[in-house]
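One structure below.
Lettered A, B and C in written order, each chain numbered from 1.
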Amino acid sequence: MLELRLVQGSLLKKVLESIKDLVNDANFDCSATGFSLQAMDSSHVALVALLLRAEGFEHYRCDRNISMGMNLNNMSKMLKCAGNDDIITIKADDGSDTVTFMFESPTQDKISDFEMKLMDIDSEHLGIPDAEYHAIVRMPSVEFARICKDLSSIGDTVVISVTKEGVKFSTRGDIGSANIVCRQNTTVDKPEEATVIEMNEPVSLTFALRYMNSFTKATPLSNTVTISLSSDLPVVVEYKIAEMGYVRFYLAPKIEEDEDDTKPQA
Amino acid sequence: MLELRLVQGSLLKKVLESIKDLVNDANFDCSATGFSLQAMDSSHVALVALLLRAEGFEHYRCDRNISMGMNLNNMSKMLKCAGNDDIITIKADDGSDTVTFMFESPTQDKISDFEMKLMDIDSEHLGIPDAEYHAIVRMPSVEFARICKDLSSIGDTVVISVTKEGVKFSTRGDIGSANIVCRQNTTVDKPEEATVIEMNEPVSLTFALRYMNSFTKATPLSNTVTISLSSDLPVVVEYKIAEMGYVRFYLAPKIEEDEDDTKPQA
Amino acid sequence: MLELRLVQGSLLKKVLESIKDLVNDANFDCSATGFSLQAMDSSHVALVALLLRAEGFEHYRCDRNISMGMNLNNMSKMLKCAGNDDIITIKADDGSDTVTFMFESPTQDKISDFEMKLMDIDSEHLGIPDAEYHAIVRMPSVEFARICKDLSSIGDTVVISVTKEGVKFSTRGDIGSANIVCRQNTTVDKPEEATVIEMNEPVSLTFALRYMNSFTKATPLSNTVTISLSSDLPVVVEYKIAEMGYVRFYLAPKIEEDEDDTKPQA
C-alpha cells in the first residue's frame, strides 16, 4: 500500500514538466525514505535523477519498496488537470497495475481521481559516485536559462569556462560568435540573485546546447541552479526542490577534435 | 428599417465568439421583442439558441420582423474590429441585402461602418417545448470549462451523474480513467462561485466532450453556467447574458450500448 | 575605429524589429553626424530610412565614414540576446570584416560580446528631396496600427482620404466593405493621444495594406505616427525616435484603373 500526500501539489506538476521532454518512460522508485527516479534520456546521452524525500510529504506511507513504471507524457497529462493550489495524493494498492492521482481543491469542494495504467520498464539503476568537482557555479536559474536560449540562436554547443572572476559561456555558428561573462557577485540584495563560484582549478568544457536547454525546463522549480564541472566527468546541473530534494541532470562533455573549442560539432 | 444600439458592444463580440465555431451560417431573427438566433451546428447534432431582448438595447427599432442570413465567420471578422469599449449599432434598410455594423469609440473620435452582405439561408425554426428536468446544476462557468478541457485529455465522452451531494464528471480512455466530483456548496463568499444542485431524481448521462468543449466558448459571457439534465431529453447548457437574455446549447445524450457507461465511443 | 554606446539599448532592438521583415540585407552608414540606413524592401516597392543622430549616443566615436553591410535577420537574432535594460555598444575596427555588439547589464555583472560577419552589399543612396505635402496627419501610432490590421481582415488595399474634419480609412473585399473615420481631436488630456490634421488641399490615395501593416511594426518606437500625403508623391509614414532621429517608410500610391477607388487590386 502506497499513499503519498503532497500539500504543495504544484511541485509535482513542475517536476513532470521539467523531465517529460527528456524521458519518455521511467520507473518511479518508492521506499521508506522517499520517492525517486533515475532515467537516461531517450537518446541515452543525458541522465536525470529526481529525489523527493519522505519528510517533504504531509503524509507518507510506503509499506514496501516498489518501482512503478510510468509513461511521463501520460502522467503529465493527468497532473495538468490538477489546480496549482491543489493537494495531490499518489495512491497504489499492493500488486495493482494502476496508480491513482487524487487532486483536492483548497476548499475541498472539488475532488478528482485520475487512474493511470502502469508499465513494465526494464531499467538498471546506475550508481552515481560522489565526486570532487573542479568548479561549482551557483547562479540565478532564470539567468542560466536565458543564456542557454540566447546562445542557441547563434550556435549548437556551449563552452563553459570558469575562472575565479566569473563564468564564461561561449558559442560560434554560421552567423558569428558570442561570449557571455557572468561575474562573481555575492553582494546582491537577495541571495537568490547571487552568482557564486567555488573553484579548485579552472575548467573549460563543451556541451550540446540542445540538452542544456532541455535541462532549463526545471527553472520553475528553483530560483537558483548549481552547475558542477570537472574535466572528464559529466557536468551536473542541479535544481533544488525546497525542503524536499532535487532534480539533477548529468551530461558528458563533448571531446574537441581540434584546438578550436567553440566550433560547433555535427 | 432596423436599428439596434448596444452600449456594451463587447457583449455582441463575445456572443459571436461563443457560437461561430459551432455554426457557419445562420439567420438572425429580429422582431419587436428582441434579436434572436436558432441554429443547428454544421453536423446537425447540437442546437444553439440565442436571445437578446429589446430592453437590453439602448435604442431598439425594428419596424417589422425580419430574418437576416449571415456567415458567422465573416460577422466575427467585422466585430473583432470593434474596440471592447465601443458602442455597436446594427443597421439594415428594408429590403436591403446588406447589414451595417457601426462602431463608436467611447470618445466619439472614431466611427467605423462595416457593411456585410446578407445570405439566403433555409432554416426551420424548431419549437423547443418547456420541459421538467430531473436535475439542474448551476456552477461557475470557468470551473465547468476547466473540467471539460481536462477530461478531454483522457477520453472522448463525459458521463455527468447528479446526486443530492454533488455532480460527478467521468471519462475513460486509453491511458486511464478520471472522475471529478464537485460538491454542492452554497456557502461561498460570492454567489457566482456557488455550486447549486436542484434534483428531483438522480441522473447519469453520457455526452461527447467535443461538443461540451465547444459550448464552453461562451464562458466569457457569464460567471455561471446552468446544466439541465433529464433522461431522454437533450441536455441544456445555458449561459445567461446579464439583463438581456441567454445563449443556450442543446445536445442529445449518447445511448450506451453496454453497461460500461464511461467507455468512449467511436 | 567605430564605437557607439547607446544607454537605452532597447531602442536599437526596437529599430531592428521595425525593419527586419521589410529589408533582408542593408548597409548601415556611419559618419560623424550619426548612424543611418536607407534601403528598399526586397520587392523594391517601399523605402526605409533610419537616422540615429550622434548626439543621442552616450559615447560616439566614428573616425571616418564607413558603410557596414549587415543581414538584418542575423543582427536581430543577436540584439534579441540583449536585455531590455542593457547598454548596447556597437564596435568595429578599421578594415575589419566583423562588427561587435556589446551588451552590459545595468549592474555590470553580465557582459556579452556578439560578433557578426559583415557583408558586401551593392546599394545606391537615393536622394529624397524635401517636398510640400497636401496633408499631414499625426495620430496615435497604436490607433493607426489597429486600423491597418482591422482593415486587412476585409480587404487588400486602403484608401486614405483627408479632409479638414478628419481622416478616413476605407477598404472593400469579398465579404463587404469598411470605413473608419478618425476626427481631428486636439483637446485630449495627453498630447500623444491627439489626432491633428494639417491640410492644404484634400487628398484621397490608395495603398497596399500589406506594406502599411509592415510599417506598423515600428509602433513600439513612438506614441505617435505622422502620415504625409500628396497626390503623385509616395506617402511618408514616420515614427520619431525620441531625441535621436526617426524611422521613415515611403510607399507609392496605387494608380486606380477605374472610378471605384476602394476596389482591391491583384
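Convention: contacts are C-beta pairs under 8 Å (C-beta built on N, C-alpha and C of every residue); 3 or more make two chains touch, one makes a residue touch a chain.
For each chain, UniProt lists the protein as follows: A, B, C = DNA sliding clamp PCNA.
Just so we're clear, the structure is a prediction, and the values are computed from it rather than from any experiment.
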item: Contact graph of the chains (line, ring, star, complete, other); value: complete
item: Chain copies touching (subunit A (DNA sliding clamp PCNA), subunit B (DNA sliding clamp PCNA)) - same or different residues, decided at half shared; value: different
item: Turning angle required so that subunit A (DNA sliding clamp PCNA) lies on subunit C (DNA sliding clamp PCNA), C-alpha fit (0 to 180°, nearest 5); value: 120
item: Between subunit A (DNA sliding clamp PCNA) and subunit B (DNA sliding clamp PCNA), centroid-to-centroid distance (C-alpha), Å; value: 44
item: In subunit B (DNA sliding clamp PCNA), residues with contacts to at least two other chains; value: none
item: Contacting residues of subunit C (DNA sliding clamp PCNA) [partner subunit B (DNA sliding clamp PCNA), same complex]; value: 143, 150-151, 153-154, 175-183, 185, 195
item: Touching residues (chain side subunit A (DNA sliding clamp PCNA), partner subunit B (DNA sliding clamp PCNA)) in the complex; value: 71, 74, 77-78, 80-81, 98, 107-117
